[in-house]
Amino acid sequence: MISKDDYFILYMDEKSYYMLPFTENQSFSSHRGNVKFEGGMEYGDKLTSHMGTDFYVLRPTLADRMMKVKRRTTIIYPKEAGTILLELGIENGSRVIECGSGSGSLSVLLSRIVGPSGKIYSYERRPEHQESAIKNLSKFGKPEHVEFFLKDPVTDGGFGVTGVDSVFLDVPEPWTLIDAAYDALKGGGFIGTLNPCIEQIQTTVEKMEQSGFIRIRCIEILVRGIRVKKNMTRPHDRMIAHTGYLLFAQKINQKPGLKSE
Amino acid sequence: MISKDDYFILYMDEKSYYMLPFTENQSFSSHRGNVKFEGGMEYGDKLTSHMGTDFYVLRPTLADRMMKVKRRTTIIYPKEAGTILLELGIENGSRVIECGSGSGSLSVLLSRIVGPSGKIYSYERRPEHQESAIKNLSKFGKPEHVEFFLKDPVTDGGFGVTGVDSVFLDVPEPWTLIDAAYDALKGGGFIGTLNPCIEQIQTTVEKMEQSGFIRIRCIEILVRGIRVKKNMTRPHDRMIAHTGYLLFAQKINQKPGLKSE
Amino acid sequence: MISKDDYFILYMDEKSYYMLPFTENQSFSSHRGNVKFEGGMEYGDKLTSHMGTDFYVLRPTLADRMMKVKRRTTIIYPKEAGTILLELGIENGSRVIECGSGSGSLSVLLSRIVGPSGKIYSYERRPEHQESAIKNLSKFGKPEHVEFFLKDPVTDGGFGVTGVDSVFLDVPEPWTLIDAAYDALKGGGFIGTLNPCIEQIQTTVEKMEQSGFIRIRCIEILVRGIRVKKNMTRPHDRMIAHTGYLLFAQKINQKPGLKSE
Amino acid sequence: MISKDDYFILYMDEKSYYMLPFTENQSFSSHRGNVKFEGGMEYGDKLTSHMGTDFYVLRPTLADRMMKVKRRTTIIYPKEAGTILLELGIENGSRVIECGSGSGSLSVLLSRIVGPSGKIYSYERRPEHQESAIKNLSKFGKPEHVEFFLKDPVTDGGFGVTGVDSVFLDVPEPWTLIDAAYDALKGGGFIGTLNPCIEQIQTTVEKMEQSGFIRIRCIEILVRGIRVKKNMTRPHDRMIAHTGYLLFAQKINQKPGLKSE
């Protein structure tokens, strides 16, 4: 049974679906008619509108939770987010810095992965973005695992947290935060960035190479939708061709240019 | 400090790195010389071989843990695994069926995501594969969160588990397991499959449509490596062009063709 | 000097350009102002509208000539057309069948490649499409090198032409024309098809294998636009992900299933 | 009937085929046995080796003629060459500059497209490459339509030809040849370059913008092979992910920064 304020996906078709909080006896209106949400409604139920259209009550995927945040900014997309988890070793119990908070779509994901033994430290310098991230997190994520900071770590003394497992930077000038990330990370720990333009990546790589990071690697991810239909199977004719370049690296204990021993 | 039997990545360059368990005073030989692992070694440390080559001691990423399993079978690749998490809602606390266990690369990942409040049920019908999966899991994963079953759910009465959040099928004929997956899943729960050939997808979609699944969607994921180097930045000249098609869907409570009420 | 009725591209920016026939003293109106085409205008000239916007008078590329035909049908795109030339050996002097004529975009290209010693035979069964193809060809192609046929070669006795170098089929059911193509082609000659759905390709491949064709191969072509701009270089965010699968093969002299001597 | 010295493709399977000149009674040896080429052999014929393997005698595609040149250098690939034709307006009668000649693979193609009323001007500064290009052209192309120049147009006074329709640059530093290309081209004429690294493209774009070119655009082309086989249809698992970025532009009559009238 879906409880009050639990979110569900109201699904009509591939292009029409909504993320809604449950309230008994509330109804939803669309151009295909109205449906009413009655007490005892379960995930998986079919509802039929007064115009005869079927709607389905589905559990939200993690991708839904990211995509359905109210956006004030460009968000991290699921196609990159999955790889970010894998390459930054983000798992149960991880302690992770993200900067900036943006609209909170990545915070939503991370907070649901790290669990009660982990922690997300989320930095943002613009109050209106932070507010938006906090709101989205409280709706779709696990706010109890996220600590928000309203500050610019570039000008305001770094992250102020140490020994974290991973740092993810979603800012236009990631190179300005590489030193702060170095100070916050464990030895051998993970850093990642996402940027649309190759010059941003070039500048960040150069900075990483000078600042104690190794195993620097860059990828981009393309996702093609395939329509599977009898005698009409084919890739979709349009796709998102580029969101950004992902850059990953790991911290080493001795910065290049420094003498050892 | 790295403890006895902890795994680390010994990194020389992009093409040469190894996943090794730590034993004090053990050494590693390569064509670039030998390095010795002394007590007190830390993640992030640099080791220099007797031939002068630098090696780095790094934390394994989740992608490393998947890719470095000893393989008896084709494995799930990180590029798909991230999306599987996102689309199957696999997070802290999830209860997930995977079938088959294969070499255990996905079990490794899932066991590190769901944490102590979650559970992975892993099915395999070939004893030699199960054995391999168990070994790999004990090295790179969290065996305490995984329960293994040696059985063929097609011929042997289904999964025998109910109310799970997600089912992932990595078998050549996923359509034979759709009914078993339906019985095991919660209402609105998630199913996913991965197969290389379009005919496998077509048959599975047809079966899903008849068996109480909706929001069926298929994608493929392409990852391009980018070399970022001063005045020589370019995509790699070769790439993995296809591992498989990912298919996702969700369970609805009323099978098509059945009367309601 | 541009002569009366010569076509030129009037180019404002990447998204705004037009293919126009030259008439002295005619003018062109846009939301960025009017420009007048005076006698003596040359390719490469800059014209400035009364509102101060620059327009450039450019030669049309072959891609422009294909894309700017008036469309009654889906057209062949330049990204596939170039490969069609290369894989079907279409060069100076080639004799080529195309079926159907469609809107004539491919006829335009082929007619400009084969020259006076070559010939295009273009088949179409719908009069309104043929009419459209003929009109487009007369504007953008070399009509003197194209012979049009209004017929359905499936039901009406094949192509009625023999010894051609290449056959290109742009029809929804190419398998119905494989035998006719076989009869029309030289030994070792080339056939190609373009279709959006994989089932069309599968059926055509099966028919080709039974009908005296070998070296059957299928590809798809993806083109990514790149924005090159100081500190803002990146792939475009959207792309055409799929137009169709290209299928190529070559005729052999002995049909499988037939005994030789 | 195939004449003496005509080239043909001897085709065994997708991975094993050869481009050979015909000589009566010559034979070809492979690990699948020997075949002999008798007088009267026709394109499309099947030959069976003494070990029972079938070989087919096929016409070479234009792609074959490009790929089978003896290589001293990286060559232009068919996947880019088709688009080069389309975007540089290279057709029957075109006058085209290419620089450098390289191994002559593009010269082979262009010489077969422009016909007797067109002309290719091919520049190369290394004698050993020119020699190789000339040899390849005489085997696979139309040498009568190509004029070779052994010179470096950068240091040696430009191309020395004017009023050409198109210029294609296949050199590591195309920006050094933009002014020479400008001088050689007709108004509104076409220029194209191909380079693997984004920095080469960035420098060339900057130079083009300052040197009288407009409609500058950059693309890259990806080709995926598809295996079409009953119940086993899928993209190939490996592909060429990057050969280079294609850059195209057109000449305008007034260089920016110069006064008109």
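Going in written order, the chains are labelled A, B, C and D, and every chain counts its residues from 1.
In this section, a contact is a pair of C-beta atoms (placed from the backbone, for glycine too) under 8 Å apart; a residue touches a chain by one contact, two chains touch by 3 or more.
Fair warning: this is a prediction, and the values are worked out from it, not measured in the lab.
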Length of the line joining the C-alpha centres of chain A and chain B, rounded to whole Å: 20
Centroid spacing, where centroids are CA-atom means, of chain A and chain D in whole angstrom: 45
Of all residues in chain A, the ones touching two or more other chains: 198, 220, 224-225, 230, 233
Topology of the chain contact graph, where touching chains are joined (line, ring, star, complete, other): ring
Touch relationships between chains, expressed as pairs: A-B, A-C, B-D, C-D
Contact set on chain B toward chain D in their complex: 196-199, 220, 224-225, 231-243
Interface residues, chain A side, partner chain B - complex: 8, 11, 14, 17, 42-46, 56-63, 66, 78-79, 81-93, 109, 112-117, 142, 165, 186-190, 198, 201-202, 205-206, 214-228, 230, 233, 245, 247-248, 250-254, 260
